[in-house]
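You will see two complexes here that share subunit A, one where it goes with subunit B and one where it goes with subunit C.
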Partner chain A sequence: MADTTIAIALMDPPYESENLTTALRILDVAPRRGYNINVFAYEGAAALAFTRQAAHPNPIHGKDVAQENHPTTKDQIAALLAEAEKHGGKVDWVNCGMCVDERGVNEHVPGTRRGSPADFHGFVEASVNVLVIPTK
Partner chain B sequence: MAKKTLNIVESAYRAVMEEQDDTILWVLAAMQGVGAEHTVVLRGNAVNYAVAGQGASRLTIGDWQQAHPPKMDTDIADLIQKRKIPVYVITEDLDDRGIDRAGLVPEVRFLAKAALPGLFEYAVVNHW
Partner chain C sequence: MTFFLAQNGVLPARPSAHSGTLSALAKDGVTVLADDFSLQERGITQLAEGVTVSPIDVVVDHLAAGHKTLWH
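Here is the complex of A and B:
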């Protein structure tokens, strides 16, 4: 078992809680410290890497699309993958296939892949530690 | 005439980094713009929204950097001053958290828990 691989399971959908921001901050730091990360995006989290997410203007803020520069989780995940690659780390990001199908979010950020709970089992077996962030 | 609606906001800092604002306060501001008549009561952890001078630093993930981190105090001031939405805070919830009333956004109104039912003359009460 590699002692530099960690697994994380996410459940929250994008734009609903702060849990994902916390998770992404942890995931951002891990590859900088030499960790490989395995992510199982389960239930609502299967939409995090959906490529058809679009930024929008915000009339309440008085900003157009460019000015608002609204965050999208797909961009954050793409940045995470690029950051890991820069540091020689490996990210295996699995989107739960059935969860993806339920939600119709089949197009995902390159570098992430479709998978199943069997992948999560494999992640647990292969990782030095596991962090589960469930929906509350 | 629009139904007068009381909105009790209790969930705080829910997805504010991703949305760059609070989704409930945002939708109330948007509805007010089309003729709704809202009042807001901040209770529980949401009383912290009224603390002046707060702000989150820019989130960075790899090379991605957030453009406009949320500023909840400015959003509260915007509701009060620009949207003309009254905003109350529950005094016991401030005290429980050690929040100094002098440090809050101007024109926030104070409300004791026992006085909350007195606001229930509203046609609709939404608890968020």
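Here is the complex of A and C:
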């Protein structure tokens, strides 16, 4: 199935919209099937792979960092890359360059890269299908 | 055509005043699916006639098959 390539464009920033939960669930399925995935992280989504995200405690509930077990999108992306590699698929995760510059989030998870909307055009050309998940 | 309800989109899948439209779609031959995770999050266990619980894998199935897929 490694010849099947799907492209997804994300625009929502981390920790705000349920759209990302759904998107990451979709992205969780595809690599387990060995599909190649092209992801264009645009606008707020360019911060998803920002490596300086930090898990935090929850003092209101009396939980430390380990007990809170707060998921970070950077770790979810790293897990996605690892899962794809395990099943023989590839993930080309592109963080929009201007978007990361605007937000100061240009330190990204290894295995993801900086790019531009031209990469998204290439993804559309190279993929069997494209799902665009816009902000509302 | 497949209509996949996710997130708050599953709310009208409950038997309610708004669910008749979904049931009518199903009667007209549209496959109407409701995301299992979204249903579970919202404690929805009863679905309107014609609506079926589905894993999100179905979305990937359609993407991989090259079906036109729109997020609304």
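Assorted remarks:
By our rule, the second predicted complex is superposed on the first by the 133 of 136 C-alpha atoms of A that agree within 3 Å, B and C clash if a C-alpha of one lies under 4 Å from a C-alpha of the other, contacts with A are read in each partner's own complex, and residues count from 1 in each chain.
Here is the rule we go by: a residue touches a chain if its C-beta (ideal position, glycine included) is under 8 Å from a C-beta of that chain, and two chains touch if they have at least 3 such contacts.
Keep in mind it's a predicted model, so treat the numbers as computed, not measured.
In the superposition on chain A, contact is made by A:Thr4 with subunit C only, not with subunit B.
In the superposed pair of complexes, A:Ala82 makes contact with subunit B only, with no contact to subunit C.
After overlaying the two complexes on the shared chain, residue contacts for A:His70 are found with subunit B alone; subunit C is out of touch.
When the two structures are aligned on the shared chain, A:His121 is found in touch with neither subunit B nor subunit C. Residue contacts after overlaying the shared chain place A:Arg52 against neither subunit B nor subunit C.
Which of subunit B and subunit C touches more residues of subunit A is settled by the count: it is B. By the touch criterion defined above, A:His61 reaches subunit B but does not reach subunit C. By the document's definition of touching, both partners, subunit B and subunit C, reach A:Glu18.
When the two structures are aligned on the shared chain, A:Asn129 is found in touch with subunit C, with no touch to subunit B. Residues 18, 25 of subunit A touch subunit B in one complex and subunit C in the other. Residues of subunit C touching subunit A in their complex: 6-8, 35, 37-38, 56-57, 59-60, 62-67, 69, 71.
By the touch criterion stated above, subunit B contacts subunit A in their complex at residues 13-21, 23, 26, 29-30, 33, 59-64, 66-68. Of all the residues in subunit A, the ones that touch subunit B in their complex are 14-18, 20-21, 24-25, 27-28, 58-61, 63, 68-71, 73, 75-76, 78-83, 86. Per the touch definition, subunit A reaches subunit C in the complex via residues 1, 4, 6, 18-19, 22, 25-26, 29-30, 33, 35, 128-134.
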